[in-house]
Amino acid sequence: MRRLAAIVALAILATLPLWVSGTYYVNIASQVLFYAIFALGVNVLAGHAGLVTLGHAGLFGIAAYAAAKIMNAGYGHLSVATGALVVTLMAAGIFAVLALRGTGLGFVMITVALGQIVWGVAYRWISLTNGDNGITITGRPSPLGLSLTTPTRFYWATLIVFVVAVVSMAIFVASPFGASVRGTRDQPRRMNALGYHVWMIRFLAFLFSAFWSGVAGLLYLYYNQFVSPQAVALTASAEALLMVIAGGSATLLGPIAGAGLVVVMKNVASAYIERWNFVLGAIFVAIVVFMAEGLVPGVARLARRARGR
Amino acid sequence: MSLWAVLAVNSITLGGLLFLLSAGFSLIFGLMKIPNLTHGSFFMLGAYFATSLIARGFNFWAAALVGGLLVAAFGGIIERLILRRLAGAELAQVLVTLGLSFMIADVCLMVWTGDPIRIDTPAGLRGATSLLGMGFPTYRLAISLIAVIFAAGLWALLDRTRLGAMIRAGVDDPAMARVVGIRVSRLFTVVFCLGAWLAGFAGVIGGPILSVYPGLDQEMLPLALVVVILGGSGSLLGSLVGSLIVGFLYNFGQAMFPELAYVVLFLPMLIVLVVRPQGLFGRQAL
Amino acid sequence: MTALGVRGLEKRFGGLRVTAEVSLSVEPGERRLIIGPNGAGKTTLFNLITGELRPDGGSVTLFDRDITGVASRRRTHLGIARTYQIITLFQGETLLRNITLSLLGLSPLRWNPFVRLAKRDGLVAQARATLARVGLDDLADRPLAQTSYGERRRAEIAMALAQNPKVLLLDEPFAGLSIEERRDVLRLVNEIPRNVTIVMIEHDMDVALDFAERITVLHFGKVVVEGTRGEVVAHPRTKEIYLGE
């Protein structure tokens, strides 16, 4: 049954450019897809490992900036992607070692500090990052000779990457390692007593999470042809966490739905009101105060209550 | 020689401001276990309030005190209406402070617009004073003095008063504190308001040096975080030493490697976390 | 060869000497009971043996091998398993998944991010078999949240048994159980074969006496009485400690 639903969903997504009116919506869809990849990455840490992070935009941004620099140095797209992801994973390794010195709230605090330092570097180290002006790139990859410059082509390429990401997540979740990660979230002391290497499990989960955040950062760069310190601001990390919280962290669909929600809201809100940050903050406060388990499960709970069950 | 002296004074000044900012953060984190992500906003809000108060004719110091009080009141409302509802769910509390910081930033943008606002150095503290045969900006010396006075005052509060004893007990062992009869929830409100007042006050007196602008909150928050990571949470001495370290690193770093100011901050944080994760003077690891 | 040896073990919390020069030797296959009033340091002793706490002095040996410096997760691989006084099972999972996690802890499979855990038939079968040992196999697919307290206590023991330990540490396995349930758990424990050395903490003497061959009595972190069941029961200090409460 679930297999069927997934196939139907995939069919809908694959044919989206055909039944949607205008490239504006195709572009929104592309954004939803790569932010969903980001949200899935964040969920590995925040949802499955129980380690809430508010600095992941730092890794997303490091991938984008690294890719931009490598590309502007004249390298081909394969080098760009590989190089960017390698740099991201190295940074993630350092971040993980530092952040894992704390647990729970200490971990959050250190990720905030790390994310802000990345932002500070992006903002101030002008000779490296061009500061507030950001870095522009030209061109998207042409895998197998097919250019991705049109919104539709880019959307399909993003969709393929998205499907790979979702499949990798599904495999991870069902795997023994995935079970280990969730175990360290629920009973870290017990896991240690059962023979598991809790720190190493968390470290590896961090790297896996960083990998997909980096992939999302790459797609972001190709989509926008541009990266600036905005991409690594605390608001960006908060939005990523919001996607996970809004959609619920327990399922694969949760972060994806959350990403859809946040991206659409952000685009709609920005069209009518200039105060997206205020709305973002208010939503955070509202969800945390009223629906701790996430928007999707929370709404489901309220609906059940309304039906009188 | 005089360049180093100027940098040193600027560092001590920044350190003093950071101390006022991070002492509150450290107490709130140590006692309530909440990394208060609204703390940078409190700093900025205090400064913004002061600009409006000064425009209405308040003198600088009155604006500083009242600005601090307004921020403290605001903090108190947040603590009682929202944070207390989430008592025990510390992660939720952190996320709420994050959400609030975004809301406050946007409201400030609406009310005070996006242009940086200068706060004039208070009369009587303008110009330079001669000390040890060199001239130093009087106002910066004043800030350092104020920070020292507050450090002494806070130390006296914590060490000599009943309130201070309750705070220390709460930081060391909250469960025990409750058992012994300390009204922990009231203590939380008091400490949160105190921390907010300090941040707001710091924002005002920092005004002549930093000005007020959108994004000030985002720049100050990580500095406070690094101070607490370096110095240890819940420790006044840790905040003081950490603030001075960060003040020096940031200023000297900025003077010598202007683009690497944040990288310079990162390295000691890295060292402390790896070698001594509870910070220089902290009790428990983060 | 002693299965489990502890010599001169010391642990202080602040100024409090929670474990004071504790020494004991447990023979292979022995059934040892550690009793003492609340606060005597029994669970701390277990934590020192499993390595969750580092001692301030003294040593721990497992089959004559010094494991004092060995990390606690490694001690599990060397053959120590324990249950907890407060149930620390995985709340959101089924009983079967709980035991599977225990089995995985010693298997290199735990690092594998590719295969499907639910399809590892060998592992799953082993988990069901372990549940059968404690009489819970018909509840294997029940979520933990829907089991009774007595069933969870038995699941705790299954978690430890799943790892085929050489030394099994049971921390107050009868706590909170009805008389019926205690009899069931006692029968379960008595059925464990002699190639497993068992050390049990209990603070209710009546239930555990049936189990014990040798008893160590702890008081204020010190060993005050030790010997066979008969010797300890008859010892005047034992009566003093328990009646003087």
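Going in written order, the chains are labelled A, B and C, and every chain counts its residues from 1.
Here is the rule we use: a residue touches a chain if its C-beta (ideal position, glycine included) is under 8 Å from a C-beta of that chain, and two chains touch if they have at least 3 such contacts.
This structure is a prediction, so every number in the text was calculated from the model and none was measured.
Peer 1: Walk from subunit B over to subunit C along touching chains and report the minimum step count.
Peer 2: So the least number of steps between the two chains is 2.
Peer 1: Taking the mean of all protein CA atoms as the centre, name the chain whose own CA mean is closest to it.
Peer 2: A
Peer 1: Top contact pair of chains, counted by C-beta pairs?
Peer 2: By contact count, the leading interface is A-B.
Peer 1: What whole-Å value do you get for the distance between subunit B and subunit C if each is reduced to the mean of its CA atoms?
Peer 2: Here the centre of subunit C sits 49 Å away from the centre of subunit B.
Peer 1: Please compute the C-alpha centroid of subunit A, do the same for subunit C, then give the distance between them in whole Å.
Peer 2: So the centroids are 43 Å from each other.
Peer 1: Return the distance between the CA-based centres of subunit A and subunit B, expressed in whole Å.
Peer 2: Roughly 32 Å, centre to centre.
Peer 1: In their shared complex, at which residues does subunit B touch subunit A?
Peer 2: The touching residues are 29, 33-35, 37, 82, 85-86, 89-92, 94-96, 98-107, 110, 218-219, 221-222, 225-226, 228-229, 258-263, 265-266, 269-270, 273-274, 277, 285-286.
Peer 1: Using the touch rule from the top, collect the residues of subunit A that touch subunit B in their complex.
Peer 2: 52, 54, 94, 97-98, 101-110, 112-113, 116-117, 119-121, 123-128, 233-235, 238, 241, 245, 275, 277-278, 280-285, 288-289, 292
Peer 1: In the complex formed with subunit C, which residues of subunit A make contact?
Peer 2: 171-172, 174-180, 183, 186-187, 189-198, 208
Peer 1: Can you list the residues on subunit C that touch subunit A in the complex?
Peer 2: 50, 52, 72-74, 76-77, 82, 84, 88-92, 97, 100-102, 104-107, 109-118, 120, 159, 163
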